[in-house]
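Structures incoming, each one as structure tokens.
In the two complexes below, chain A is the common chain; its partner is chain B in one and chain C in the other.
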Partner chain A sequence: MADSSRRADTVTLTIDGHEVNVPKGTSLLHAAETLGIEVPHYCYHPGLSAPAQCRICLVEVEGAPKLQPSCVTMAQDGQVVHTESPSAKRMRQGVLEFYLVNHPLDCPICDMSGECKLQDYVFDEGREQGRAREPKRVFGRDDFGGDVLYYGDRCVMCTRCVRFMDEVAQDARLTVVERGDRAVIDTFFESGLDDASFAGNIVDICPVGALVSKDFLHKARAWDLDHTPSICPNCSQGCNIDLHARDNLVQRLKPRENQEVNGHWMCDYGRANYEWINRAGRIESPGVGRGAKRRAADWQTALGSLLDRLRVSEGAGVRIVGSPFASNEALGTLHRLSRAVGTVTESVFRCRRAEDEDPLPGFPLLVRQRDLAPNVDGAGILGFERAGSDDATGGLGAAASHDGILFVLGDQLDDQPGDFGADASLYVYLGTFDSPAARNADFVLPVTTFTEEDGTFVNAQGRVQRFEQGLQAPGSARPVWLVLGALLAALEGGNPPGSAADAFAALASEYAAFAGLSHDAIGTTGAVLEPAHA
Partner chain B sequence: MAISVKVMRRPEAGRTSYMRATLKGMSLTFKHLLRVKKVTLEYPEDQPDLHPRWRGTHRMEVHADGRPKCVACGLCPTVCPANCIRLVGGEDDQGNRYPIVYEIDEFRCIFCGMCQEVCPVEAIHVGQHFENAEYTRDRFVYDLDRLMEQDHPTTLLWDPSDPRSE
Partner chain C sequence: MSDVPFRNPGWAGNTGEFDLSEADVRGNAYAGERPLDGGHPSTSASYPFMLVARNPGAPLFEGPYQARFEKIRGRYPTARAALLPALNLAQEIRGHVSPETMDEVAALLGLSSAYVRGVATFYTMYNKRPVGRFLIQVCTNISCNLCGADEVLAAFLRHTDTELGDTSTDGNFTVVEAECLAACGFPTCVQINERYFEDVAAGDVPDILRRLTDELKGD
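Entry: the complex of A and B
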């Protein structure tokens, strides 16, 4: 106690026999969390206000006449809290029994099954047998519009969704109607959640299966999904996400907490746009030769003959068409290789741009940016310039008729004519899908998407963020840094990069913006670049 | 301690009669000759009685209107130790969750019966059935229609009068 009175900004209390020192104004629920004690809760969410209405986080505080809701009771000096005392446990069991009076217990057909808080808490502490004999009330389901379905029977009336729309989206479209056991969440008017751009988050924060995604409906079970920390590829905000994959296909994207970037949220545009990652028909093996002379080859043959071509054409002018969907490691290694074999006269990328930004009012850091690609700023740092129009077409006139070395990385050249690169002395196409404009390529090399490799993006805030490999690459597709790193090592000597971290280390030693950084230093929450570079 | 050898006393050759032992053996033989107990089953004219807990090839129960009882909850492919069940869930035109694809590879199946035990809606069952011969290997992957067509009796995994083995 003497210790905490000296530092007036913290308090010391005892929770379940463990002493803990927390900043003033910390709730008991948070203080318990720092000790690794989870107090059950529904209505409380760290990104929202706490109305203390679900009554399941009640804990015993010595000296208090009644059990206290731990989500709104602030920690005080010398408090002694019991979360597992007989009275607290009896109360939780009682509250859970009330929740189950009208709950349909349809876990086998509920999409939340496996990650449901009601399921977890009842399994941990609930009664083995229910005692309710009366028939349950039935609401059926309600289409809220947008991507959201509402199953009123499963709802625990925590009102997280109502408060999210009020406080964070600041677009009050949901409310509680009726009272008592007839209470349901409903939308105002007919429009529902249509064209609300952040409404998908209410599915994430729903602790039970009351709000489910139409897109994910009946698609996969929660326990079948592999979770991989990644970065949302759909705009340059770079929201931290988890890729949820099954059978080597992305099933859904979920936000991952990062208070510096996206808080607990992500936008519906980013959430819904993942099917392109699963698109079939990828290039699976390297191809050598132009047009009709194209032959499939293995990597050793393809890279061997590419290396011979690069050696004899040293000193030529090099033009690069990059992509803002490629990682820093890919773009940086390509730029380094281009400089090693000739003089880079142009390096461009094309990026689709939205009409305007779409901010989240209650969390101003999160904005759906105009640039609809994840690594626009990284490409800028690595020497690429924006070309073409806002729908990512045009702007490649000089590259199309270039007579030196031409590298295309990740840009599918959908708008380009069939004679693209016909005059180039060497045309290398590194991509995921074949394209009519790749017909004249001397080498077509299959590369991975960001889901199939480790790497980094730089978001619009100038923050380098890491993503991890979540899927297996099709056929013999390889990461760009691995392919070009091997070529670069053969040309310049030294060891080829063995991992994306090695490839990034090579960039850090060359580009001032990344100086002193490494994959380890970037960690899971990213690292901000100096404003001068970003 | 030195190893000691026990010397057995045996009758000398030519002074032993095996008559008593022979008669004893033959009496057993003739006893069985007279007490006739048939063990050979004239299969396939005669069918064997299968034990109530016999676990054979699967069967999917159906509702009265012909829909499968399965709700595609995904517990059987999760619990299956042989990983022989493939399930893709979806929604039918009445808004019910149902299996779009439900396949059991009977070759991979080890007939443990855990799919039946775990099923929350008593849809999938192992059956009292053993005649599974087919002309091609791919016929051993039973799809949903095939599983619903099966009409052999289902297995009792526990005694109905004593479900908890008490």
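Entry: the complex of A and C
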């Protein structure tokens, strides 16, 4: 202790008998966290200011006349803190009893049940029986507009939502109306949250079931959801998210903390656009042959005959239509294969663009970008150029009438005519849904979406970020890197990639932008590319 | 007791005495109708319940009220701090703080409307609905309650023929419950606009109402 006090930047204190050394200015709550001790808290949120009003994070500090709120009490040298002392526990039990005085205890029908802090804390430390005998006051529910529904009876008045709208969205539309047991969260009368573009975050930060998502309302129980770390696919910001899935369907998207990309937040546009992932009617098995001659085939047959066609067409001109929704592994492997079988004359992608950006004022790093796809920058690094207009149509004239080899990956060609690719000597369509413009394809190969494979995207900051497989692919759909990697290995020799990490390693050895990187090095928070490449 | 008669400007005497009229109380620098310029800056619009204009459609902060609003704003380092007296002034002009009033005050102070609503609803002394010519606040806190405040309240409601918080059909009376009025030595205490009526029993209520009605005739 004497040693550390000489160093100006850290302090050493004792929490529950464990000595811990933390930087100066660390709150007791965070200091306890570094020891793995969770101090209960409602009003404190790392992305917001700390008003110390919920009174449940009070801890005993030796020498202090009364319990101290650990979220705003800064760690000091020599402090001795007890989070589990009789007085701290008694206090928490008392605070929890007050929280339950008017709480409806409707956990069986509450969406928050299973991830609710009130439920957790009461289960851990609450009284077995409440002592309040008075009838509970009842508010019912209030539709805030947007995706947000408010149940006033469940609210613990932590005001996280009020502070989020004030400090982070910087659009102070929420407030505490009335006081005492009549207090509720509300907007200015009927003004609502309809046109607020980041309001969905208040549902995430609500520690109880007071603010719930209308989209998710009564859809799934929290404990039935599988959580998979992923990347939001709805713009090139690449917010870190968790896919919450049940029955192989995405039920909701939740932001995952990454202070260098999205903080704790994500936008409502990204959050709401996940239904396309669950769309039924996918291509489930490979198809071989053009038009009416199309026959379903197994992978071995399809790839065998595709390999024969590729072997004889070496040296042909190759045009590629890629997609900014495809992973680096997919786009890169496709480009490598194209170069192995011919001369790439054109490689393009089309991307829908919004009219403007939508930044989050209180966390300016987070911007809903104009490009409404996750891997525009990755496609650029891998040699693809933007084509078509801002609504992702047009721009494929040369590809449509190309007479060499034509690869289409992930672009559904919705706006293209039925004779797309009719003149191509070989037309390979790798996609998730069949399309009229795929009629002339010699091979239709079912591939996976980003939810059904591992891989990486490059976001608008030039940051490579990993996503993981959260869903099972339908039928025999396979990742692009697996399918094309096998072909490439057959053409060029060597081992086919056994994983997305292998496929990425092959890119890293070929593309200077990815040099030295690997899935392991990218990790969970991503790796920034050298500015020259990004 | 000294021989100098105690003239608390807010005190109307025991209910039997009635030696102070509304007019006596009004015009006082500390309680009652203010000079239009608001008087000394330190107290300008510092107290609510200065129900003067009672014109819900009156423009906010125009003419002399504009000067008072600016005086208030200049008294505080931040707009947020000036909110309470600004709302007091708005209530003095309009008689109550309506949603439109909250919105206007918010715009004038550069605060969010929602925040102003939060503040206005936190404090019970802002009338969120129009009130009658006389706002009758019956203390029902402990001392008064032990001495029959419930009966007094019931008598006011019965004799004015209103529900709690509603305004009588002639627009004269609004009866509300109040928490402690700090006159625990003289229960039941009733505050009617700026005047305190003390030692009120249920039987005094008709007299009080008759007297208030008579005062209106004199206006």
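By our rule, the second predicted complex is superposed on the first by the 533 of 534 C-alpha atoms of A that agree within 3 Å, B and C clash if a C-alpha of one lies under 4 Å from a C-alpha of the other, contacts with A are read in each partner's own complex, and residues count from 1 in each chain.
Assume a contact is a pair of C-beta atoms (placed from the backbone, for glycine too) under 8 Å apart; a residue touches a chain by one contact, two chains touch by 3 or more.
Small disclaimer: the values here were computed from a predicted structure and weren't measured.
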- Task: Evaluate whether chain B and chain C can sit on chain A together after superposition, giving fit or clash.
- Result: fit
- Message: After the superposition on A, what does A:Val176 contact: first (chain B), second (chain C), both or neither?
- Response: second
- Message: For A:Asp224 in the superposed arrangement: first (chain B), second (chain C), both or neither?
- Response: first
- Task: Give me the angle at the C-alpha centre of chain A between the C-alpha centres of chain B and chain C, rounded to the nearest 10 degrees.
- Result: 90
- Message: Tell me the contact category for A:Phe189 with respect to chain B and chain C: first, second, both or neither.
- Response: second
- Touching A:Trp276 in the superposition: chain B (first), chain C (second), both, neither? neither
- Which partner, once the models are overlaid, touches more of chain A's residues, chain C or chain B? C
- Task: Give me, in Å and rounded to a whole number, the least C-alpha distance separating chain B from chain C in the superposition.
- Result: 28
- Query: For chain A, which residues count as touching chain C in their complex?
  - Reply: 166, 171-179, 186-189, 191
- For the chain A and chain B complex, residues of the former touching the latter: 107-109, 113, 141, 217-219, 221, 223-224
- Using the touch definition up top, name the residues of chain B that touch chain A in the complex. 71-75, 78, 89-91, 95-97, 120-121
- Message: Help me check something: in the complex, which residues belonging to chain C touch chain A?
- Response: 99, 102-103, 111-118, 121-122
